[in-house]
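The following pair of complexes shares a single chain, subunit A, combined with subunit B in the former and subunit C in the latter.
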Partner chain A sequence: MKLEIGQIFIRDIQFDAVSRIENNILYVNTQELKALLLEDEHLASVDFEIAKPGEKTRIIPVKDVIEPRVKVEGGGGIFPGVLAKVEAVGSGRTNVLKGAAVVTTGRIVGFQEGIIDMSGPGADYTPFSKLNNLVLICETVDGLKQHAHEKVVRFAGLKTAAYLGRLAKELVADEVKTYETPSVKEGMLKYPDLPRVAYVLMLQSQGLLHDTYVYGVDMKQSLTTMLYPTELMDGAIISGNCVSACDKNTTYHHLNNPVVEDLFAKHGTELNFVGVIITNENVYLADKERSSDWTAKLVELLGVDGVVISQEGFGNPDTDLIMNCKKIEAKGVKTVIITDEYAGRDGASQSLADADASADAVVTGGNANMVIELPPMERIIGHKEAADVIAGGFDGSLKEDGSIVAELQVITGATNELGFNKLSAR
Partner chain B sequence: MVKEIERAGLPVVHICTVVPISLTVGANRIVPAVAIPHPLGNPSLTPAEEKEIRSKLVDKALIALSTEVTDQTVFEMS
Partner chain C sequence: MAKIRVVHYINQFFAQIGGEEKADHKPEAREGFVGPGMAFNAAFGDKAEIVATVICGDSYFNENLETATKEVLSMISSYKPDLVIAGPAFNAGRYGMACGTVAAAVKEQLGIPAVTGMYIENPGADGFKTKVHIIATKNSAAGMKDAVAAMVPFALKLVSGEKIGSSAEEGYIPNGIRVNFFEEKRGSERAVDMLLKKLKGEPYVTEFPMPDFDRVPPNKAIKDITKAKIALVTSGGIVPKGNPDHIESSSASKYGKYDINGITDLTEATYETAHGGYDPVYANLDADRVLPVDVLREYETQGKIGSLHRYFYTTVGNGTSVANSKAYALAIGKELVADGVDAVILTST
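Right after this comes the complex of A and B.
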């Protein structure tokens, strides 16, 4: 399966009477977009703000971040099974608005939403401070249950990303990247001497606002399965997830998975990247056993030499991570796990809730318990009082002057377990 | 908490869903629970059925508490 990604670099976003992309500037007609979004009768209001790198702006509480994309050639559409019809994606050509993102905020749904600062020390901890963000402030009608609330905001974000993506359908890309995955047989014949590597991508699926959707399927109801890596780039996986801001995978992360990117970069020279195994993180022990058994079985069936495993979230998913690692290693296949740490504010406590001797190659995204101080900002997009209740914050996190003292886990993407950030350790 | 109470001389039974974590942290008597968000209940059942589950889990825990163990032991529900 082969996919070309056409990148259109976006250096600015502006409101205008006509939505379009011109000279690498994204112009947005908010009235047209608003009318489209308010077709959902559960959405009471939606307002738009633009947040640019370097501004004294704070977005809180952040729900999801999404990159606008559009299918130009090949089957299916972006976010298949969710916005587009169910049809396999991952081949042909996709255009991407590189440097732009849609960020959703609004009244808090779950307590595990996050903060994006566009400047200051907080900005260093999130990759999204470097993007031109179109921020949606979504407020739902009264009386909506939490799950329905989350869904309304999720769809508003996805629809906006698709709307903006469509503006790039006819454009000539500034840069084109090509990604190709051969069949198992072709790959073995083509690269007989290279080590064969698979990627096990663990997806948050605990329910209670911790969910991920694959082609529209709620991942907690799925068994472990496989995807071509390029399917991720077309939005096969989306986040419906309010788990801890620092280490949840937003939809933006799934579209730009750095493990996939790096394995492709070495594909054909240092290794043979065979494919992506996706598995869940459920709340029943039997599910954890079944899914990790399945992961190890698929690894064995593929006959790969090594596996990279990435986790999402923390706490009981540490057990899913260790089960995957232990069972794959027991098949004689080497693993590297990517996780983050909850090692206490001083970093002295045990980092993971579970452990095993076979987990002897570990990459960390940082310690989410570390305490940080975020200075006041001139502009707040969203609801600043959320700082006292989001995970990592506490009563009194929000100071009178508007500064915030909280654990690092409040910042969206800070300790991302795909390695989509700069924190780590040696 | 399990370990600290045992250190003070009282036996403890840990009712928990993720048994591997309980084993890793060193609990000696473990009774597997229903699920992480609802260890002693099940929202898909009727309140009467839930009470029965809860009662059985507590009975099992009391049996575990009064059983001599020489090693970490998981008391599976029959």
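Right after this comes the complex of A and C.
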């Protein structure tokens, strides 16, 4: 399967009477977009703000971040089974608005939305401070329970990303990258001497507000299965969760999965990247056992030499991570796991909720309990009082002057367990 | 600015007094630097200066641990140093123990910054790495140049009160305190590189060595449950509506203790969860799902259990450090024992 990613570099976003992309500037007609989004009867209001790198701007509470993309050639559409009809994606040509993102905020859904600071110390910890963000402030009608609330905001974000993506359908890309995965047989013949590597991608599926969707399927109801890596780039996987902001994988992360990117970078020269095994992180022990058995079985069936395993969330999913690692190592296949740590504010506590001697190659995204101070910002998009209740915040996190003292947990994407960032700990 | 005053601790061997036959050498102090102190002093440049060197035989120190520590410490403090350097001891075991003891005592008892250096397998490293910073060195004195180059800037940083970075950045032996820092490459690339090394059988360093876990053996079974006083304890975050003690949704800094005298059912109007790590909808509709007060009251009435303890204890397990959890459990356990509770139902989520 082969996919070309056409990158259109977006250097600015502006509101305008006509939505379009011109000279690498994204112009948005908010009236048109608003009308489209308010078709959802559960959405009471939606407002738009633009947040640019370097501004003294804070977005809080952030639910999801999404990169606008559009299918130019090849089967299916972006976000198949969710916005586009169910059809396999991952081949042909996809255009991407590189450097732009849609960020959703509004009244808090659960406890676990995060913060994006566009400048200052907090900006160093989130990749989204480097993007031009179109922020959607979504307020739902009264009386909506959290599940429905989450869904409304999720869809508003996806629809906006698809709307913006469509503006790039006819454009000539500034840069084109090509990704190709041969079949298992072709790959073995083509690269007989290279180690064969698969990627085990663990998806958050602990329950409502902690869900991930694959081609529209709720991942907690799925058995472990396989994808071509390029399917991720077309939105086969979307985030529907409100797990702690620092280590939840937003839809943006799924579209730009860094393990996929870095395995492709060495594909054909140092290794043979065979494919992606996706598995869930359910809460019941029987599910955990079944899913990790299945992961190890698929790894064995593919006959790979090594796997990278990435995690989402912490605590409960630590057990899934260790089960996957232990069972795959027991098959004689080498593993590296990517996780993050909850070592306490002083860094002196045990970092993970589970451990096993076979997990002897670990990459960490840092200690999420570390306390940081975020200075006041000139502009707040969203609801600043969320700082006291989001995961990582505490009573009194929000100071009178608007500064926030909280754990690193509060920052969207800070300790990402796909290895998106350079942050680590020792 | 006046130069930082440094006292250097070394053994009889590095002071060129002698080898094993002189290992019973009693503590002595000399003005200025001795032996490897010359290299340290040169590296300190105009920032610091070794004002004195305290020398002690390794056997004497280890065989007279208490008195030797006292003697050495009093010699060190008499020079009013701003900084103490011990060793480096490389892979010399007794010297490592002495350096660890001296450096840790200087830090703890004199309140003066201290640093030592050792090879990672030196028994002194295991014994003192959590008490004092130990710069990782090679296993023999051939590594002196590298050791000086690493110890000097680190020592100056310690004295200045600057923030100490992670072990990977600063070169000290990991001390159990996890410190965040920015790597050169992103995590995914480090993972792929590590996997390629592991596949080739080349050495690699894990970023998080697996810890040893506590295992708590279960207590003996209750003989007669119909007479037992049972308490409910949860990490599922069930609290009276409004979360009166503001228990955090993640990384809880406290636990709550609430009176359920006369309460037979937890309702949507009276209880909720403060926990941010799971879907709160069903727990908020009926908190008995996490903290089964209703069922235990029925059992109490039917005589299936002796009684339900008057208070329940609750905290949020989400992202809460093991050290905090342990502290809460100790405090709660003490009270439960004092209140004559026979058994606890511990619910999680």
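Heads up, the rule we're going with is that the second predicted complex is superposed on the first by the 423 of 426 C-alpha atoms of A that agree within 3 Å, B and C clash if a C-alpha of one lies under 4 Å from a C-alpha of the other, contacts with A are read in each partner's own complex, and residues count from 1 in each chain.
The rule is short, and it goes like this: a contact is a pair of C-beta atoms (placed from the backbone, for glycine too) under 8 Å apart; a residue touches a chain by one contact, two chains touch by 3 or more.
Computed from a predicted model, the values in this text were never measured in an experiment.
Partners subunit B and subunit C, brought together by superposition on subunit A, clash. By the touch criterion defined above, A:Lys334 lies against subunit C but remains apart from subunit B after alignment on the C-alpha atoms of chain A. In the superposition on chain A, A:Leu285 contacts subunit B only, with no contact to subunit C.
In the superposed pair of complexes, A:Thr319 makes contact with subunit B only, with no contact to subunit C.
When the two complexes are overlaid on their common chain A, residue A:Asp193 makes contact with neither subunit B nor subunit C.
Of the two partner chains, subunit C is the only one touched by A:Leu423; subunit B is not.
Once the two complexes are overlaid on the shared chain, A:Gly207 sits against subunit B and subunit C alike. Of the two partners subunit B and subunit C, more residues of subunit A are touched by C.
Once the two complexes are laid over each other on the shared chain, residue contacts for A:Asp346 go to subunit C alone; subunit B is not touched. Legend: residue contacts after superposition of the two complexes on their common chain; A:Ala355 is shown touching both subunit B and subunit C. Common to the subunit B-facing and subunit C-facing surfaces of subunit A are residues 206-208, 283, 316, 355.
Of all residues in subunit C, those touching subunit A in their complex are 166-169, 174, 176-192, 194-196, 198-199, 204, 206-211, 213, 246, 248-251, 253, 275-281, 317-324.
By the touch rule above, subunit A contacts subunit B in their complex via residues 206-208, 283-285, 288, 316, 318-319, 322-323, 353-355.
Subunit B contributes residues 17-21, 24, 32, 34-37 to its touches with subunit A in the complex. Against subunit C, the residues of subunit A that register as touching in their complex are 110-112, 124, 145-147, 195, 197, 206-210, 243-244, 258-259, 261-263, 265-266, 270-271, 283, 305-308, 310, 314-316, 334-336, 338-339, 341-352, 355-357, 359-370, 389-395, 407-409, 416-426.
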